[in-house]
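What follows is chain A paired twice: with chain B in the first complex and chain C in the second.
Let's look at the complex of A and B:
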């Protein structure tokens, strides 16, 4: 056991508090902003004392944005739904494709497997804008532009490499002997994959799913170019708050709070899967 | 079920592990694969189990070529050295794994698992996960899993390696009976020569890419193929002394402590050649001074082990020689002493190649093997 002196513990506490303040402050400030009107937000100097209002949230939920120039229709709830649907579907497709592929890369060393795996990872190196222009033209010709299917397909560029490389590592960490033992016991390749490899890589698959969900959720540029209003996720939808009569800071803040809430909740919930790790007590260390 | 290997070759990248290995195991026989780590014992087992494929050669089980037969279709039970238990299943599910594959009813499965668990004394921990089991219990669970479907071929990869000494000793006594009851053809891998001699009907000694010698435990002990094998079997290790056989008083002899030790007349061709004389410590005995042929030595140290006493002595030329005698029998503890050698038990090896030079007439001795 590690023993720490009270002074060390105090210093450590202060350091952690500072780090937390540094990283959490913007989020706290956004939450505060979401309960204020544009006038109180733009006060100089800024203050944390204000009369809280829910009008930003009502505007988002009802879809009616009151600006100095009149009432504007926005579809923020539709955007939120789009984000949820696109991210969930992309991760689902990514897992269905990526997990078996990761297993193949981890276990079946075939000719060129490393090259293919690296090529898939290299999708993460290229700036998205590089592929976007040609992709836009292809999508328009193929009729995939502004469809959920097309977007989910493009989202695989974000999701698939992530799932592939994280899950592959977890599969590689499973001692091959455990799978061999199950095969020798009389089970075929598929049931070994289902009953041994998948459950043992479970925490890794959960982690990869969660991370890729967050990456898909936060994506901006693919959806900006390839989707029009009715298919846009929140990241793009937030642009609607930049109106002719100024930027609606209050609504932007409320929109951000609503859009980070699902990923925040998911991260909190899935945290234990990430921490749990593989407990391979069956094999000598 | 018989197992036959024909000219098996296996290499991992440029590292040759097995070269031209041929072997056959009869129905109901226990063959022990013995050798230092890295000799390819485990690789050989895995080839038979079908989890890796040979680069060349054929594996036949009961006369059927196993090429392309999946591991699950070979009907083999295997216990891994590292246990390889399924960490997310409890001991019961681990042991039942071969039974679920055979689609047996719940009741039959429960009966079978409990029976084999009782036999191996793990019936009280059936609902524990592998990480909650002690090493000994893990080892028994792994063994129970290999046995539960009563396979006619059992591959046991050093199953006693990772368990404590007491359990190892117990299991060494229990296993032969267990294996006999199963009436299975067994290939057993070990690095412990005592285990090899206790369990094997035959022992195959593996070293450097292949099998160096195969025979009954007696064969291996009394007629090792080379000095390496002679050294691997026996505790304390065999005395190996450089000698050049010569003719003395009309007989073939080797000189130790300036005393001629008579050798078998079969070794006439080795006169004048560089050889190594192998003397098992238990084939030497202390004799009173003046006994004909007695070798004078200086006693250096005595180590009493429980069942035997090992004496380290020096020859007149300063060569170390170990003598083993049953505990409780008289022997010198220091100073000058004399030892006698039985000509028939002396082995002669070629010094350049290390190979044993077999006497022309094979000598059959029925001696107690320590």
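Let's look at the complex of A and C:
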């Protein structure tokens, strides 16, 4: 039964349109830019009417950047692969470490548990630059500088606190008695964790994984300092478009489109899953 | 009589032993095989803590728990072989009611046909056959509670723990199911512990009732024993509806009459010969006592002591009359409709065999009617 008046619906429609415009405009503009040459992008006044070109994408995919000063080799696809690998591996490691830890913090009250959990969260308070300088020196001495392993390790500073605190909340929302009921029915602690706690916290784990993936993907400063060209993710790799003969706006835009595409797709897909999971998994009583 | 469960000096502290909250204090009790025991008490009295220690969800701070002949207090829940119905139902939200009930049976590798037969039987008994294929979130609280109860009762465990198993049910259904559950448990020779704050439920279901308060086991006995011979003032006033009337009294004897002088300027006088000599001696030795009398044992009589009606409620099958008496209120129950109005003077009589006498400081029972308390 429709209870809203037409005026109310109209106003609501306008408000939603405004919000969408506000948030979507930069993305739409960048998508448009990525199909233009530097000249059409920089013309005054700007216009949405242009002859689309795929040359920005071709340049990125082939790795040959044509500039006024000549051809430049870039490794954008390599950067994209690095981003994907670093983020995925970091989230995987973060989940393996963080989910059991979150469960422990949620269920077992041990001495200092709150302090440890808070310390882990405090990693998110400190500006990354604060830890980067000493970290660089240690990493060089340990031989971890410019290795995937080292980067994934540092990425835990971003990923682990997020996973830990989000998943912990989800575990705390599961009534402990559901797990007790399963344990008393003849199952041990480990299978209860696997068969009851993990599935019930599934939406939370997915949300935490997604969010930390995006945070890891968007990280710039750790990779900038600790990785050299062949290990760099897209965020750092994009610096290559700032060339001696000017900034290659078209390629930058195409690069952005390519680099936000995976996280965008992931978010769209997981959003459906999250809503579904939250309403299905709602535990009454 | 085999002892199925035996608690010996069990303590529960939340926090460090000796310093934390002392939730369960030195409980010792034996549960014979095949009995239904009710843990009765108000909220926070330690009954659920006791139950959870038996199940293995709470560590036992001190003492031992023996189940089916072996010490279990340090074993994980999975190795204790107990079944439990939870107060919060705790059904697995991802599977149907049928699978919830069958879960433990499937894990124990019972033949599928046998699992189906037993689930069907217990669902029939609890009137949940029509919701077996629904998911827990789509059924009502009362149905969830019955599903949770079915999940516990369907199992063959050494001990069945039922935590407030019928709190959410409508009164008619509760009465019906009480009988069926008792029959089911007895027929299969199960041993069960029921946690409840509903004394009707405890009386109807249990062979023995353990009354708890403040973490202490106040009394452990049959429903009749608890009603007729309450061990102390707490059980006396906690069990029984409406509660026992209690008055402080000073006892004296003169001219062959034993007199209880109730503080409030009213005397209850009895012929000395109405009391057993030992009871009489005990009362006179003590002088200061608390006397308790059940509302059913207070009668209106021309020769009684003066009281004045303050309230008169007809409950459909009995009258509850409250009257001011000896500076306090006395409640009496009559089976017929009493035509009394507020402020009307009445006379009440209490027979000597209906008096429960308690120690005013410790609250322990001293005598019940003409018998000394053990």
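The rule we apply is simple: the second predicted complex is superposed on the first by the 274 of 285 C-alpha atoms of A that agree within 3 Å, B and C clash if a C-alpha of one lies under 4 Å from a C-alpha of the other, contacts with A are read in each partner's own complex, and residues count from 1 in each chain.
Please note the rule applied: a contact is a pair of C-beta atoms (placed from the backbone, for glycine too) under 8 Å apart; a residue touches a chain by one contact, two chains touch by 3 or more.
Bear in mind that the values here come from a model prediction, so they are computed numbers and not experimental data.
S.K.: Once the structures are superposed on A, label A:268 by its partner contacts, choosing first (chain B), second (chain C), both or neither.
M.R.: The answer is neither, since A:268 touches no partner chain.
S.K.: Of the partners chain B and chain C, which touch A:244 in the superposed model: first, second, both, neither?
M.R.: So A:244 meets neither chain B nor chain C here.
S.K.: Between chain B (first) and chain C (second), which, if any, makes contact with A:44: first, second, both or neither?
M.R.: Neither: A:44 stays clear of chain B and chain C.
S.K.: Identify the partner contact of A:108: answer first if only chain B is touched, second if only chain C is, both if each is, neither if none is.
M.R.: Touch partners of A:108: none, neither chain B nor chain C.
S.K.: On chain A, what residues does chain B touch that chain C touches as well?
M.R.: 175, 177-178, 180-189, 196, 199-200, 281-284.
S.K.: In the complex of these two chains, what residues of chain A are touching chain C?
M.R.: Where chain A meets chain C, its residues are 175, 177-178, 180-189, 196, 199-200, 281-285.
S.K.: Chain A touches which residues of chain C in the complex?
M.R.: 55-57, 76-78, 80, 82-84, 86-94, 103-104, 107-108, 136-137, 141, 144, 148, 151, 155
S.K.: Going by the contact rule set out above, which residues of chain B touch chain A in the complex?
M.R.: 46, 49-51, 70-72, 74-78, 80, 82-88, 97-98, 100-102, 129-132, 135, 138, 145, 149, 162
S.K.: Mind pulling up the chain A residues that touch chain B in the complex?
M.R.: 175, 177-178, 180-189, 196, 199-200, 278-284
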